[in-house]
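What follows is a set of structures for review.
First subunit A sits with subunit B, and in the next complex the same chain sits with subunit C.
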Partner chain A sequence: MNPVIQTDKLSKWYGNVLGLSDVSIKIETGITGLLGPNGAGKSTFMKLMTGQLKPSIGKVLIQGERARNNYTLFSRMGYCPEYDVFYDELTGWQFITGMLKLNHFSSPDVEKNARKAMEIVELMQDKDRVIRSYSRGMRQRLKFAQAIAHEPEILLLDEPLNGLDPLGRRKLIQLIKTYRDEGKLIIVSSHVLPEIEVLTNKIVLIHQGKIFAQGDIHYIRDLIENHPHMISIICSNRRKLASKFIKEEYVLKVEFGKVKNRVTIETNDRDKFFSSLPSVLRKNDIEVEEITSPDDNLQAVFDYIIGK
Partner chain B sequence: MEHTETGRLKFYLTSIKQVFSFFFSLGKRARKTKAFYLLSFLPVLISFVIKFALIFSEHRDIQGIYIFTNIIMAFYLQFLILVLALFFGTSVCSEELEGKNLTYLVTRPIPKMSIILGKYAAYTLLTIFMTVIGVVISFVILNLSDLLDFSLYEILLKDIAVLSLGLMCYMAFFTFFGTFLKKSIMFGLIFSFGWENIIQYFPGSTQKFAIAHYLKSLLPASPSGRFAFLIFRLEPTSPVISVFMLFLITVVFLALACLLFSYKEYILDD
Partner chain C sequence: MSIKEKGYTHWDGKLKKMKFPWKPITQCGIKLTFKKKFFKFSFFLTLVPALIYLAGIYASEKIEDFSFLTRDTDTLSFLKVDPKYFSSYFTSDTLLFMIILLMVFCGAGLISDDLKYNSLQLYFSRPIKKNDYFMGKAAVIAFFIFIVTLIPGIVFIVMKLIFSGSFRFLASFPWLIFSVVGYSIFITTFFAFYTLFLSSLNKNRRYVGILIFGLYFFSEIIFGIFFGIFKSKYFALLSIEVNLQQVGAGFFGQKPVYDIPWILSFLIITMICILAAIVLKRKIRSVEVVK
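Entry: the complex of A and B
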């Protein structure tokens, strides 16, 4: 299969600051997850693919055509930006129809496509409300609607699940999968692994402007699994809890923080830890107020892998 | 998309039209527009106060058209059209950058130049409306007793035409400023109330570097009244050349703005 998107030694510098470095990649139809911590270069990559930025070195080809200053591509491409910005004085309907008119749709098609897109993102009931009055989740859905309204073959979604509630997130994930089943190319960026994991097993890990790893979800999972995890627990008896776990071979370190009743446990096997935690708590009659994972983010994983 | 010359031209014109109608409709709702409508209605209030004061004044013989001409000179030509053009012209590009909405426009199948031209046209028409409504109401208030004197309408139409030409030209200039500079308002203020107000009174050909020079050249030759100094002209250019120059300035700056906007890389700040 011919790649739909192809980049060759793509690099972008903002003055002295590196945005993206030496990215050569081929992306085919289906969903590709662009995963990386904040500031990794995901949005720069998206903007280079949409021609909004000029590559410092290298090139981007979309269906064999250059991306920069090639407006004809956008009848085939939909882009959902990361910014939560709109023309706030407009209603949702006016915004979507306005964007469709800019896509050169005829009046009946504007109406038809706008209705379809608004129905898909379930904003039809609120279509006549000004965008300023929309909630964060509604704004996120509206942003997605403008990307799909003209029925593009290629969808570039920059952090599309940000600000959505769990139900909205599930619906959008389902929707993105429907587009995949229609044979479209979809690139979804995120800094949250589970979000990408439920969408696709084709993942591109990006960090400090470089493609750090690329491939199947299992490979990425393996990298992450080996990474020691910190789990912080606020409970009724932290000393007892610590004494029960300290002897386990999968527990590397136990720390008592300044916060009252908080114990932080470092483990190299998160699954094992979490499977034994409920029985330990129950047997020792320990009540839990809060469980958090302070380093359960990609930045920590990347830092660990790079350090290794 | 058609690939013939005619097809391409039609596509460009349609793109401009779509951008125009989007921003004209958006511009009508914008808070900024409402605020500037208030400003443009200030002369209406002034006209009303003057008319009311004249009723109780000894100088009842002062003609309404005389006051009207002075308002055009003092308020509209030297202040309002400059302010409107500055804020609307620079915002053609800068409000898209500051609001980060540029992304929505540049990811549509429309040439970048159509974004500039369409939005410029929308905002120019809006500012012309703002100006003309105030001018007409002021005219009616001040000439209430002479409304059947049709010769006065000639003056009104001429003033509207000159102000519209001024807006068209200044808007193009400030549109270019907005695509070129980040702090375009500050430079625009220096240009409007520094350069334009000083250079037009310079003798010789130096005055021809001010847009105001060509606008004043289109107005009546004999100044009258208290604000006569504002229309003082050393060596007026002929009306035909003035109109030509105003159009030329408009075309040149719009072309530069389109060129710059098409090739410049705008990085939206995080």
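Entry: the complex of A and C
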């Protein structure tokens, strides 16, 4: 199966400023999280994929076609930009229908698709209000509506959850997942790690215009062999458990936290630790209430990779 | 069905080609213009010269009913409906001023608002070419300028035929309709480039409005100063207004106000349009860059 999006040595400079450097990746269907701090090159990458920017070096292929100036391809893509892109004087309905007309939809289809998109983002009741009067969350939903209204197969969402309240955030996340289940390709960029974490395990870490890592969050975690892993255990006898592990060479540190019965063990070989843990627990008759990996999340991986 | 089971299906449908992909941009531009404060009043104001000239055509055919006007020789000569009458309408200072007024309302925000609202990225992530974008914006300008040039010009001819009850007028000046159409297109093309160019220079439509007014009258002032000092008629070529009037005289087969070949003015206006097109192309590309 060919990748839907493929970039080859993709680089972009703005004069002397590096926007993106030597990016060669393949992106398949499903949700891919594009993660990086502000100014990392996420928006540049998005704009190169939507064909709005010309690569300085390399190429972007979408469904095997070059993205730049490929107007037919654009009708299969939905793009939700990071910043507000509205004429405040227009109503939400006028904005959506105008965007659909730009996608060459016929009048009955414009009406039908606009209605569907507005209903999905729950803005149908406010469709005749001018955008100026919309709240930040409503604007964000409207921006998402214009990206999905023409039923694209590829969705590029630049910081889509910005400005949404927790409920709106949850709804939008659910909606994005629905699109994933329909077999679409969705790229979500964000600098907020938990946002990406709840959406997907497939991530691309981008920083200073370079791809730092790509793949499953756990796969990336495994790549960082020397980086110590923390395992936090709440058990019936934490001192005994600590004493059994402290002498092992793969255990670097043992810490007793403020939480009652919790011990945090730092290891440089997670596999070895977890293979010996059950026997230690069994032999010493220790009951376990909870086992967690506090640093097995995107924030920890991200911080480690970018060298914080 | 999960994504991994479903896999990906390549899109094999055909994109329906639109005859005028720029039409939605134009419709939106016109709609937004009518929403502007005081626009409707100003728009009505721009139609006043056309209404006066239309009344003149009526009066010229019913001259016996307007005998009080015939005492004044100037008025009498004004009421003679011929190519000069048309030329005087199309090249009048008043009409050009009205067009500038229209440009401030309908043209100033055309690109500057897109820059302000970051809308360009939405346009260009859709099946819209850069030329379609420019065409859509220029069509907004054309719509309003044609209302005060092309449409009145054709209405004048039709009304002259109706009021006179014969086709003699058209038989005497068969080329006049081409002059009306040709000059209307020429003046619209110029103002489209002029306005879009200035609109692409700033994100604030008020500043752009000032620029549209300012540059037009600044060229007139510069001409006045140099003409006053050096007394050379060729300095008239510095004035946008004079150049438009000279070309207008050429289109309607009239003697230009300044004794300079009108083709020079035509070339200058064409040069301005070409320069504006080059700058526009560069400016619109440059704003695609992420800041």
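Definition applied: the second predicted complex is superposed on the first by the 218 of 308 C-alpha atoms of A that agree within 3 Å, B and C clash if a C-alpha of one lies under 4 Å from a C-alpha of the other, contacts with A are read in each partner's own complex, and residues count from 1 in each chain.
Everything that follows uses one rule, which is that contacts are C-beta pairs under 8 Å (C-beta built on N, C-alpha and C of every residue); 3 or more make two chains touch, one makes a residue touch a chain.
Computed from a predicted model, the values in this text were never measured in an experiment.
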item: Clash or fit, subunit B versus subunit C on superposed subunit A; value: clash
item: Which superposed partner A:G183 touches (first subunit B, second subunit C, both, neither); value: second
item: Subunit A: partner with more touched residues, subunit B or subunit C; value: C
item: Which superposed partner A:E28 touches (first subunit B, second subunit C, both, neither); value: second
item: Touched partner set for A:K112, first subunit B, second subunit C, both or neither; value: neither
item: Which superposed partner A:R66 touches (first subunit B, second subunit C, both, neither); value: neither
item: Partner chain(s) touched by A:R136 [first = subunit B, second = subunit C, both, neither]; value: neither
item: Touching both subunit B and subunit C, residues of subunit A; value: 14, 50-53, 69, 71-72, 74-75, 77, 79, 81, 83, 85-87, 89-90, 94, 98-99, 101-104, 146
item: List of subunit C residues in touch with subunit A within their complex; value: 1-4, 6-11, 15-18, 21, 23-25, 27-28, 31-32, 35, 113, 117-119, 121-129, 288-290
item: Complex interface listing, subunit B residues touching subunit A; value: 1, 11, 14-15, 18-19, 21-22, 25-26, 29-31, 99-101, 103-112, 262-263, 265-268
item: Residues on subunit A engaged by subunit C in the complex (per definition of touch); value: 1, 4, 14, 19, 28-30, 43-44, 47, 50-53, 63, 69, 71-72, 74-77, 79, 81, 83-90, 94, 98-99, 101-104, 106, 146, 153, 180-181, 183, 185
item: List of subunit A residues in touch with subunit B within their complex; value: 14, 50-54, 69, 71-75, 77, 79, 81, 83, 85-87, 89-90, 94, 98-99, 101-104, 146
